[in-house]
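One chain, chain A, links the two complexes that follow: it is found with chain B in the first and with chain C in the second.
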Partner chain A sequence: MGLIENLKSYTEGINLSSDKKELLDSFLTKGFPSIKDEEWKYTSLRKVVKNDFKIDESSFDISENEIENYSLNLVDRILFVNGNLISKPSIKGVTISNFSEGNITNNTEMSSLNSALAKKGFTISVDKNIVVENPIEILFFTNSETDNFQQYRNQISVGENAEIKFVERIQNLNKSKCFVNHFTQINVAKNAKIEYNKIQNNTNNSTLIDTLNVFQESDTNCCVNTLIFGGELTRNNLNFEQNGTNCDSNMNGVSVLDDNQIADNHTFVDHKQAHCRSNEMYKGIYLGDSKGVFNGKIMVRQDAQKIDAFQSNNNLLLSETSTIDSKPQLEIYADDVKCSHGCTIGQLDEDALFYMRSRGIGVEEAKAVLTYAFASEAIENISVEEVKLLAQKLLAKKLNVDLDFSL
Partner chain B sequence: MIEKKQLSEDKLLEKVTTTEYKYGFTTDIESDTIPKGLSEDVVRIISAKKNEPQWMLDYRLKAYKAWIEMEEPEWANVSYAKPNYQDIIYYSAPKQKPVLDSLDDLDPEMKKMFDKLGISINEQNKLANVAVDIVMDSVSVATSFKEKLGDLGIIFCSISDAIQDHPKLVKKYLGTVVPARDNFFSALNSAVFSDGSFCYIPKGIKCPMELSTYFRINEAGTGQFERTLLIADEGSQVSYLEGCTAPMRDENQLHAAVVELIAMDDADIKYSTVQNWYPGNAEGVGGVFNFVTKRGICYKNAKISWTQVETGSAVTWKYPSCILKGDNSIGEFFSVAVTNNFQQADTGTKMIHLGKNTKSTIIAKGISAGKSNGNYRGLVRIAKGATNSRNFSQCDSLLMGDKCGSHTFPYIEVKNNSSKIEHEATTSKIGEDQLFYCNQRGIGTEQAITLIVNGYCKDVLNQLPMEFAVEAQKLLEISLEGSVG
Partner chain C sequence: MLKINNLKAGIEDNQILKGINLEIKTGQVHAIMGPNGSGKSTLASVIAGKEEYEVEGGEIDFEGTDLLDLSPEERAHKGVFLSFQYPVEIPGISVSNFIKTSINERRKAAGLDPMPAKELLRKLREKMELLSIKKGYLSRNMNDGFSGGEKKRNEIFQMAILEPKLSILDETDSGLDIDALRIVANGVNKLRSEDNATIVITHYQRLLDYIVPDFVHVLHNGRIIKSGGKELAHELEEKGYDWITKEADKKWD
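== the complex of A and B ==
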């Protein structure tokens, strides 16, 4: 049985409110997005949804040792097992609670499905003027004997003048396949600041569709860093909506893929108000038979004058069978703006490699150092030191070298 | 001060909207038209009128059958009322028989029209560096320099003549680069095309003059469907120009052309277009729908270079492309697309790299003013076998006024790891500091803008043959007159 059939039989047995029923029906008639959809042109879910995924939301026990394997060991940690919240820190001015319905906007098929069926996830609100120094780690573990489909739905609201940082990771602990439809909405109130780091290094039997929608009011700053090192198929939909003036939206992404991995980064910045900035930097490094997709869209509305929007997507194809599809887009309706995008696809510089080798650096190491240098521009923008170190460690591991780039 | 600036801007805006399209006149020339509408019979009538061989009719009918099953594409970022395909006259030819031996015998009324358009046929005869094929309402009316070219073995004639006189060549190459089923408009064109230009350059011949086709829509209610087929045999070289104008009418006229270029081993084709179809009036009424499929194929070491200056048409949907099939082949695309008032343009290119060491360059400059929208849509595809291929793309957009839009949709698909691709795009308006610099040195604002725009388009204009470069520059000035941002 495929996932669609399983969803149908699953939903027959439960009671849904009329709104949700409507969302579900509209999803079921359309089905999962296919490569005929412009937004999914380069990433096919066909194989994934053929799997016999079941919905498993039962809690399980997890040992501290197991957690440590995947944790950055930050002081404050929120822990989920199969979507169930089992531990959370207590921080002054920050309320952390279970999933709540809340007021969430849907914009894609996957978020409609999420909206109809999701019952797990977190709701975090940060009070006015609260500045949280330590980054908060959010860990989602999945463990099920059957191939399973998980849906998480999360909300973060950051109060005026508040500041906070998060590090999120989703990890499958079982040999069975796991497909997560992850949805997060962040509302940033005036003059607040948030940094959201996503570490996507799941096992190679895991699929992730991650939608993150950010709504910014005036004078806010939001930075989202996406690090993709693992997972069979990872799709990120990252959307920013600037509803106030003087906003900053920053995105950094590093994808290092090998084997048959697919990573698809879709970003969208909607500049609705004047005097805002967006800055986007995505670096892709492709090994093995991996495939990368980048789709970055910048929209500047008619009233949004004095916008500075910058986007860059650089890719290194390091193996013969890796491929990349890139589609940077600009849609500009205002005239007093500075918008640019750049996209490059290429290889390591032979001369630089030769230079290093002629000075006694082995070929693998030389390649790794150059590759790191390539990725570091994006990694350097991450402010959580632990995340930066992890990125360096994972990069070295992927490139098969024993080097410490932090030196 | 600000108020004053606002005032002068309004004045200038008014001036733009009142700058008239100067090719908008109509000419009374008797013509032979068939009734409106499209059906299998119409296809047969067109074919019969042209006295075509059976294979040509079969080709048309096959295309027609494909077309009726196709849907009009909607993916382009343009909005327009879809033409009613049953409300178009598919064949209209100036009545002028018998076929002329020399241009001197041309209908005086028509001659006058071309004089008005600035293409004096007599002058062309004497100036001697451009051979012109004139296509009016989709029928070729005059071709100059046939004999001189014939001495070198170059065939330059209307495609209907080519079907009669050189059926082997036409049959061999027609539809090989743009198959009839390729898209909605190419299928339509394949079914009903009434004329166009045909050109064949034999092996090793360097064409001594610029070849040129001048397209003119004259009759009301007609669609223009012309077909251009250009074959450059091994080691040959040719430069080809294309110009277009149409009268001012309140209806939207459809222009769906197909251009196919074939560059055999070591051949070199340069194809330049100055497109100035009637863009509609300042309220966005009327204007030509320009839905064109242009594509070229390059064999070993061959080169195709597209240069286009797009200033006209209400809606443009056009992607001159190169298939780089042979090793070491080169594709180039240079474009300036100007939109004003309510014009919409969705244009760009496709570079399909199949052979080894293939190179492509894309320089696209968009200028949007008034309430118009300009789009760049391009594809760079590097196939698995295209080792060491190289692409450089640059798309810049210039916005003039706060009601226009400019958009960029590049698609980059790479399946080979030894290739290098660079793409960059920028969108901005004319810098205040640039204007200030000019003003400070005694150059008026309007002149300064012309200067800056010309500088901005220079990379593309420099690619145009001399005769066209001057025209294009003037056209730019007219199109943008007064649109101070």
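== the complex of A and C ==
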């Protein structure tokens, strides 16, 4: 049975509130998005949703060893196993609790489905004026024996003048197939600051659809870094809504893919207020038969004057059969703004390769160093040192070289 | 140390080197001079192993091995170093990271462990002093935004660190002002020893006032048409190239 059928039979037996029932019905009628949908033109879920995913697997045995292998082992850690909250840190001024309903979201099929049925996830609130020094690691592990479908729904609210950083990782620890529909909403109050790092290095039988909505009040600074090194299919919907003046929305992305991996980054910045900035830098490195998609939409509303928006998407195709579809989308209704975007697709520079080889650097290593150099601009923007180091390590591993880029 | 026999090479159908013969012994400095387009940079690139050049014949014997059988990195591991006429900019890699990688790649090829960080830093500092390089330089990106002079100095800095047996300086003087030229030449002279050798490729005599060669060769139209001592460079400076190139053209036409 496919996922739609499994969802149908799963929901027959449960009671839903009327608005959730409505969401679910609309989802079941329309089904999963397909390539006929403009927003999904380059990424097909058809094959994935044919799998016989089971819903709601609830065991939570896990060994310390497994956790350590897939963790940055930061001091403050929130751990979920198959959606069950196993442990959480205690931090002054920060309240961490289990799933809470939050607002209904129905702007896409995937968020409707999540809104209707998700029962797992975290709720975090950071009190005003609280500055949290250490980044908090959030781990979502699945280790179900059967192919499974998971939905997490998370909320973070950052109080006025507060500052906090997160590192999130969703990881399938088993050989079974896993499909996660992940949803996170972040509300950032005046003059607060947040950095959210996503490490997406899942197994080659894992699918992730990750929607992250950030709502910014005035004078806020929000940064989301997305590092994709694995997963069969990864789709990120990253949406920023600037509801106050003097906001900064920053996005850095590095995708390093091989085999048949697909990674699709959809970003949307909604500039609703004046004197704000957005800056996005996405770097893609494609090996084997992998495929990348980048779609960056920037909307500047009529009242949003003096906006400075910058977007870049640079891609390296390192094999004959890898592909990238890149699409900038700028909609500008204000007249005094600075918006620019750029997209490049290329190969490694032969002169630079010879230069490095003439200094004794082997050809594979030289390629790796150049590839690292290509990605480093985005990696350098990450402020959590552990994440930066992991990115360097994963990159070297993916390129099959033994190099240490740190000094 | 180096013996080039009847080396012929070019790009696609265009033969650039038409039979080069050159022998260099340890402890020697050879200057290769010649007008633009004579094949000077091609010779340097072919010795270093640039793959876009096709070698049609001859050999480059380096301490008993034909370099033509080796990859560029293997040549570097054997002790060949080319200081580029146009060093390549590599944004995203710091000078220190680049140099660390090249040292450790060489050590790996020799079956050694990576150089301990302390030793590496000491070495970097020592060579920075030799070339009057300021602090902060190591964390700059490789040649990125460097002035012409800074790029050349960076080449000699790498040479100082890698301590090659055979150094080929391709137009190292171009882009250098007189002070930078002195510093770079002084660095090269300090690195000279009885165990290594240097090929200085230059268009002008100026550099040879500072790095004094044992032999001077004139390259023209892919051949060495005249060899002599350091006084040949002065003669060329005075009289230009015409007087020997005309003669050579008659001979080879």
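Rule of thumb we're sticking to: the second predicted complex is superposed on the first by the 403 of 407 C-alpha atoms of A that agree within 3 Å, B and C clash if a C-alpha of one lies under 4 Å from a C-alpha of the other, contacts with A are read in each partner's own complex, and residues count from 1 in each chain.
The working rule: a residue touches a chain if its C-beta (ideal position, glycine included) is under 8 Å from a C-beta of that chain, and two chains touch if they have at least 3 such contacts.
If you're wondering where the values come from, they're calculated on a predicted model, not measured in any experiment.
Contacts of A:Lys47 after superposition: neither chain B nor chain C is touched. By the touch criterion stated above, A:Lys21 is placed in contact with neither chain B nor chain C.
With both structures placed on the common chain, the touch criterion links A:Lys397 to neither chain B nor chain C. When the shared chain is aligned, no partner comes close enough to touch A:Lys8: not chain B, not chain C. When the two complexes are overlaid on their common chain A, residue A:Lys30 makes contact with neither chain B nor chain C. In the superposed three-chain model, the partner touching more residues of chain A is B, compared with the other of chain B and chain C. Comparing the two complexes, no residue of chain A contacts chain B in one case and chain C in the other. For chain A in complex with chain B, the residues that touch the partner chain are 38, 42, 302, 305, 315, 317-347. Touching chain C in their complex are the following residues of chain A: 349-352, 354-363, 365-366, 369-370, 372-377, 403-405, 407. Taken together, the chain C residues at the contact with chain A in this complex read 48-52, 71-73, 75-77, 81-82, 84, 87-88, 90-94, 96-98, 100-102, 105-106, 109, 114, 117, 158, 162. For chain B in complex with chain A, the touching residues are 75, 397, 399-429, 485.
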